[in-house]
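Listed next: structures, encoded as structure tokens.
Both complexes shown next keep chain A, but they swap its partner, so chain B is in the first and chain C is in the second.
Moving on, here comes the complex of A and B:
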């Protein structure tokens, strides 16, 4: 736990620029702004148009998304490698080298916890930069927040706002370094989706003060893309503060990327050197700690209550 | 005296030939979206300049509606049922002009390239 906390703090410091690695080339470099959801299209023309528009709008790091529905797999095949290989996009990477850093992301749609086992034995998953979970049921949503071995929680904007995260699960997810994604392209495409998305975003706001939120497009074509400053401005509608809006397209995405890299690479030794005054805690983190302590005691209390042969204490 | 916020917009359309681009139709498109969002019909939006060839518009709204208008513009995805993007090139509290904005944009682009 302490190790995790240290790694997270280190990653946060590196992200803020207060620490620099000894050798920059060893550190995974990314530049703002970020869009971690560009839907993959087989047609290279469409992909090129999307990527050109992203460059024009000022994005530097993007992720091409492919989906995989775990619940539609035959039961017999479970246990073996069931996740797909990433699409081959080397030619696009070469074409946009220097302009865009192109990552690959897998979104796993699932209903039950069996997905965890399949994920633990999969080799293909390591080939993706980002892993997102898209739960289809309430139980899956809780699992996604508490034990899912991915980086991101997303939702199906077309399915409506059936699934709303509860406060406890949200806080555990934040504690684990998971991020919640809000896609804006479905809100552009359809006004019904827009209502649902606002509802989900407001739920994040009321249940967890909109912590660890990232904005991404989920764009299918180039007319669904918006500039990073305009996207940050959508915070006004989604119930985030101005700072949270900016972080949702910049700092949070960087932290998400670092978290994903650490998941892929496992334990790594990093040499770090100070580059100015280092502040290890601030008021917001202290506030978070208080909240987490409260949550911990709450959880302990519930687990104590669940013990079958609990002894009565006499004061 | 009312303070205004000026918006310089570039209209990007998938199929420009399939639509009729006029100031009043553009104005209606934005007003309809504002209305559908905030259910108020008394928004004031004045077109200052309009160029169908360049697909550029400069309009102004009262300053208190700046945030609302900006957010709404981003969520407009269709103009006469054709996919579109109203890209905000610049916003200002003072009057904007196509030429001035273009010069500014060019200077900014050059700066970022040098950087």
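Moving on, here comes the complex of A and C:
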């Protein structure tokens, strides 16, 4: 019934020439190379400098990171929203349209397993493209690998956490399609962090042949950014092979993105997006946006309108 | 007959504060690189790459350089490049542009890259004299080092 209704409304829209259908392989187009950890800065000037450098270096898809410490929240507030809203970056998105695809990512620092309940009821989490977990204890790390409902496992590079993943948890995480992140910017800045990052990375190598690894920057200043090929070359130090190093900035990130999208949307076969009617006059972008909004409301209306009609037909 | 395999790495030097020229010659560059290889890979790494290592070309105007090394030791240099933050006494980083097996291919790439640089820089120049001067300085090649 529901499917019928969906198909009917879809067909109606396609017939009116307002929709462009895309199959899944083209859904949510992203281009290499990827950098999934640019730390958010309130100052737009810093942010702009970072993004300009990223464009210059040849990145096409990036994620702005926002951290959230779950363990610091008092346990009294149950059931309510715990996670923050994503930062407003619409103006940056508009500015870098066509050059960069900007995603948003939330990193959850946590100690105990209560976090999974908070995550299941949260609505704000859906607004983020990627969700990463940063465990603080050994138990949390095992939980993170086995049951955590996110996409990415990361480590605190500055405090030099002494956590090392064990073989079984790593294998399970790989089977679940979780990815592990290695940040290179702290490794460039300080030799102690460098040692820690190398230790963590080599641990992945010994425990499970460095599967499902991605490299990201974690940069706060544009001087800490490196080009994608330079980053791939770092694979040698981190114990990955040449191929794995290249995939860590390219293919694995794409897979991670697709996994995150599927977590956000549920099971998806087809992705439909309104493309807007063709406008011949030289309309500015603002007007375009209004049209998109109009179209979207129209979409909603038509789908609502179609429902009763369809019911009539079926019964 | 055994052929000695070389690798030529074309790099760009990106300084911390944007400047027009860098005071870097090939000597300081090679010294910096060797020091860093020793820092990260120890004596073993240094011994592996020292034979056959040479900075073939260094242009401080466009901030590009070509480094030659043996095929076997290439990994040791390319993995160190992103970790360097200080060249000589200038705060700068490296950006790998191209890795080739012959210097001709590297040359081709650098010329292409420099032409792009010229297109950008020419617009900012005022007089024709300056323009010619810049063109000369950017496109100069003396590879017989």
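Keep in mind that, in the parts below, the second predicted complex is superposed on the first by the 241 of 315 C-alpha atoms of A that agree within 3 Å, B and C clash if a C-alpha of one lies under 4 Å from a C-alpha of the other, contacts with A are read in each partner's own complex, and residues count from 1 in each chain.
Here is the rule we go by: a contact is a pair of C-beta atoms (placed from the backbone, for glycine too) under 8 Å apart; a residue touches a chain by one contact, two chains touch by 3 or more.
If you're wondering where the values come from, they're calculated on a predicted model, not measured in any experiment.
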Exercise for review: Using the overlay on chain A, decide if chain B and chain C clash or can fit next to each other.
Suggested key: clash
Point to revise | Partner chain(s) touched by A:102 [first = chain B, second = chain C, both, neither] | key: neither
Exercise for review: May I ask you to decide whether A:236 touches chain B, chain C, both, or neither, giving the answer as first, second, both or neither?
Suggested key: both
Exercise for review: Examine A:89 and indicate which partner it touches, taking first as chain B and second as chain C; both and neither are also allowed.
Suggested key: neither
Exercise for review: Check the residue A:50 against both partner chains and state whether it touches chain B (first), chain C (second), both, or neither.
Suggested key: neither
Check your understanding: Common interface residues of chain A with chain B and chain C?
Key -> 184, 187-188, 194, 223, 226-227, 230-231, 233-234, 236-237
Check your understanding: Given the complex with chain A, which residues does chain C contribute to the contact?
Key -> 16, 40, 75-76, 78-79, 81-83, 85, 91, 93-96
Check your understanding: Which chain A residues qualify as touching chain B in the complex?
Key -> 184, 187-189, 191, 194, 221-227, 230-231, 233-234, 236-237
Check your understanding: For chain B, which residues are in contact with chain A within the complex?
Key -> 12, 14, 36, 67-68, 70-71, 73-77, 83-85, 87-88
Practice item. Please give the residue numbers of chain A that touch chain C in the complex, ascending. Key: 57, 184, 187-188, 194, 223, 226-227, 229-231, 233-237
